[in-house]
Amino acid sequence: MANSKFEYVKHFELSSTTHLLPNTYIIIRIDGRSFHRFTTTHAFTKPNDIRALNLMNAAATAVFHDLGGEVVSIAYGVSDEYSFILRRECNLFDRREQKLVSTVVSIFTAYYVSLWPTYFPSTPLQRPLPTFDGRAVCYPTIENVRDYLSWRQADCHINNLYNTTFWALIQQGGMTAQEAEKELMGTLSRDKNEILYSRFGINYNNESEMFKKGSVVYRNYGAVPDSSVQADDKDEGEVVESASKSPAETQKGKSRSQQKREAKKLAKAEVVIEHVDIIKDEFWEKRPWILHWTLGRPNEYAGTGQ
Amino acid sequence: MANSKFEYVKHFELSSTTHLLPNTYIIIRIDGRSFHRFTTTHAFTKPNDIRALNLMNAAATAVFHDLGGEVVSIAYGVSDEYSFILRRECNLFDRREQKLVSTVVSIFTAYYVSLWPTYFPSTPLQRPLPTFDGRAVCYPTIENVRDYLSWRQADCHINNLYNTTFWALIQQGGMTAQEAEKELMGTLSRDKNEILYSRFGINYNNESEMFKKGSVVYRNYGAVPDSSVQADDKDEGEVVESASKSPAETQKGKSRSQQKREAKKLAKAEVVIEHVDIIKDEFWEKRPWILHWTLGRPNEYAGTGQ
Amino acid sequence: MANSKFEYVKHFELSSTTHLLPNTYIIIRIDGRSFHRFTTTHAFTKPNDIRALNLMNAAATAVFHDLGGEVVSIAYGVSDEYSFILRRECNLFDRREQKLVSTVVSIFTAYYVSLWPTYFPSTPLQRPLPTFDGRAVCYPTIENVRDYLSWRQADCHINNLYNTTFWALIQQGGMTAQEAEKELMGTLSRDKNEILYSRFGINYNNESEMFKKGSVVYRNYGAVPDSSVQADDKDEGEVVESASKSPAETQKGKSRSQQKREAKKLAKAEVVIEHVDIIKDEFWEKRPWILHWTLGRPNEYAGTGQ
Amino acid sequence: MANSKFEYVKHFELSSTTHLLPNTYIIIRIDGRSFHRFTTTHAFTKPNDIRALNLMNAAATAVFHDLGGEVVSIAYGVSDEYSFILRRECNLFDRREQKLVSTVVSIFTAYYVSLWPTYFPSTPLQRPLPTFDGRAVCYPTIENVRDYLSWRQADCHINNLYNTTFWALIQQGGMTAQEAEKELMGTLSRDKNEILYSRFGINYNNESEMFKKGSVVYRNYGAVPDSSVQADDKDEGEVVESASKSPAETQKGKSRSQQKREAKKLAKAEVVIEHVDIIKDEFWEKRPWILHWTLGRPNEYAGTGQ
């Protein structure tokens, strides 16, 4: 075959094929490319455009649906960025880095462009089209993942307080951008809260939760009735959950059939979008399936001790 | 700042940041995800849907425009895949692998989805939307790059001959897919040519060049008149090209100002799509700027000997 | 400086610099190169040469001393291989993979060659000299690390039972290597035990523990009297250990000053070599400092939840 | 087998296995660890200890012999570092990075320690023993490799001129280290030459070539008589070398049988150590086999055009 003498070039792919470390959480973060220019061209409302945020959330939801029930356990979005946390037992594409990153970016982009007219009915999409870049990073523990999400949500708060004050100074205070920037230089959070309240009568606490907290997307396993799923095999010595154990400890004691039932429930669970605090423990303790549970299939790389 | 105690998580990114080797050609190949299903759902003409191929070519052209004049030197597309060859002196995103791959995939996807109605005016796009994955691989020499492209074009020929015969057996010969597959098992190229000719009166040579050769996309530097560009600085001992030198040797002798002029011309050059042989030398000898020339800015990693 | 125009070549190093994922255990395994030939040339006793194993253990101990108290938490050796487990909080050389691997291999090799005459006083070292290759792999959890060590120790048992029987058949049974190999083909553990006992009067259980279990090397923190160390700062609300907690849970509650005291004790602790079971829990429960405790300095990448 | 449930841990190795890009030169550089302290403890002569340099050269020569004739094409050493350039067609260990680096470091270390008494007969080796770390970096072109070597040799010159002057100020001028350092701050090459000449009567040009140029190690192919090798197959249309072609062009025209003859000659060629200029072209033009020739076996990744 004429082809064969050229086929050696495939061998070069080996040098750039990275497999992400097994038994770690994979976080894929996508970011809008040149969105500063894009938001200007398309006349986004400042400091927050609710249509644009809803479009981001819709595109993120599509990633959950396209990749299937067990892959993404939670996603967090703010401004023009979105982070997708993949389960530590995820083995999609053999955890090949380039394939995972490019696929998530492609799905997100496709739905963002396709759904644009739904969220911006009177604003035609202009060139250059909106695009996103992405990166995948591994995190070995739940603590690391929670700190990652806390980092993003704390960032959301800081940026939103700044932007809210900045645009109030411009839109209501009549300042130029340079003047507003200068005014805010060196100010602390309480200073910005004070500016908002005393000059513009804005109580920052009453701002939209979506603007202040960002958007949290996950499958609402807890809302699915148990009756909707049946185990597909007999129960072999099932362990009963006891309130005195931590979520992770309880999960380790679960039987295989119970895990399968949970996976079925998860696949049926609706993808929900909330604007809530994910820095404190409460969110996670009430939704242990998001990070603490291993679902659907055994984590073949978790080790015999689990 | 509340943020700081979480910021350590950024440090984990270092572990998955790969910089592609300098002074090598970067080839980014994108592939349609689950396109077998997608082409069925959207009723693509078999074996080749000219609307779909034109849409692929339009999306590829958008990648040239979005990334700017000097980044992509040539692209080659066939079926639902496209390969983009980046210049060896390319330093975009500091050659970070994930950023390069995700950006090219995102641009391609955005234009594919956005331009769909232009090429398929009577076929609404259904979910799951078309998406692509991507990979980046480095090739150190012109010979390797040409062999890569020859590999893809030889593949195009082999697959197209097979598909053309397969679908003729079904569409004109009334066979089922299984029967056609069985009929073709073990056949050589000449056997397929013979089946096409004797049973269906099809001379494969007369098939569309786009189907047989795939699509080659590049900036047609050669068509830009010299008068349209001026050097931006005085010529310091310019080297005269002589016919007896190879394209690469000639390029090495060029002065800095001449390189700048060439870069200007390239930026003005139209992006063209052709369906021609790129395995033989002729294509490359007539268009030395594609692989042989270093354009626009000095390749800072090429070495002092160049 | 004449140097500067060449210095760009340093930039290529970026492409092959890998930082191992933070907050994971790093296991560096070294293996003898061409040791089959080497053991023949140097007339090693078969199936096990006690001088050679003691030399391996001495070289492994030197790695502990050379790298300092907090880097290696445990090592395991069998035959011509040795695995070094680095603490998950280890930040040596910024966790650069090539630097870590090459350093451990170099130390091991240097001591192996240097100590040779001590262990083989009547066997001069011949060329080619004994050398080792190495690899570093990350493991995210204690379960993974314990399974890694169980894998190596189970391998040790399987190989040693085979080799003991194989060499008995040759040395005492008068077989050739081919005959012994054929005799053992398809046999189970109990068959080999039976061959050893019935034909040669060997009770495998009475074989040397070093041969059956391999060698476990660690710092015997438990043997250091508390009185030998003092905290270097006042205790800020120290948590008392309680028997009802797991080793890891207890560790998380420790105060910073207690951790510092423990690190001091560890640095004073003698490096010991034992030939014991590390597959069952007992070894680990009695020595929680090896894998469960974070010592010396805070793990800056462990997360705020720990 | 009890082993199997633990064997999953092998799969984690995939994440840290890097294959170096084919068809590029691999440069492995080793560096002495903490040699400042080591040279003090072992009373090295300053600024250059000829025994130590000869020992480095002997260890480097051992790397050539241990790895076999076709792997290393040239090595360059200065002070406590050595760079080994592997042929671009090298496929040793499938070009696995960790294996290549650790092996070279281990060989070098083993011979350095083993040969120590030969070069330092009256200085017993003390602990901590001398060890080395290593790194591998790919370079795609001959120009890059030559610039790498020029970088190291220019560095050698700069450092040696500084050290020679520094130690003259101390040893002959009676200065302390601090005084000498202060004296040299901001000086140019000509200033140091002047200090050496006017104060100490030292003409730097007359210093040892090994100190000024470092050490170049390679196989002296050119010294092997043609009569010592025979082609192992008939010549298929051998191309005659012509003086008007560049070394690389000539090489491309060579027949397979001629390449095999050259490989045989190379394997017979003595490893030589020279202290010569490798920045200028002359060294390379007279020894085209070092970088320009592909020897021994076809470079399977070089491409069909070569």
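The chains carry the letters A, B, C and D, assigned in the order they are written, with residues numbered from 1 in each.
Please note the rule applied: contacts are C-beta pairs under 8 Å (C-beta built on N, C-alpha and C of every residue); 3 or more make two chains touch, one makes a residue touch a chain.
The UniProt protein names, listed by chain, are A, B, C, D = tRNA(His) guanylyltransferase.
Please read all numbers here as calculations on a predicted model, not as lab measurements.
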Chain labels contacting chain B and also chain C: A, D
Which of A-C and C-D has more C-beta pairs touching across its chains: C-D
Chain of greatest Cα-centre distance to chain A: D
For chain A paired with chain D, centre-to-centre distance based on mean C-alpha positions, whole Å: 50
Where chain A and chain C are represented by their mean Cα positions, the distance between them in whole Å: 40
Rounded Å distance between chain C and chain D, as computed from the means of their C-alpha atoms: 32
Of all residues in chain A, the ones touching two or more other chains: 5-6, 8, 12, 15, 18, 20-21, 23, 138-139, 144, 147, 150, 301, 304
Residues of chain D that touch chain C when the two form their complex: 1-3, 5-10, 12-13, 15-18, 20, 30, 33, 62, 65-66, 97-99, 101-103, 105-107, 109-114, 125, 128-139, 144, 147-148, 150-151, 154-155, 157-158
Residues of chain C defined as touching chain A within the complex: 21, 23-24, 138-144, 146-147, 150, 301-306
Residues of chain A touching chain D in the complex: 5-6, 8, 11-12, 14-15, 18-23, 300-301, 304
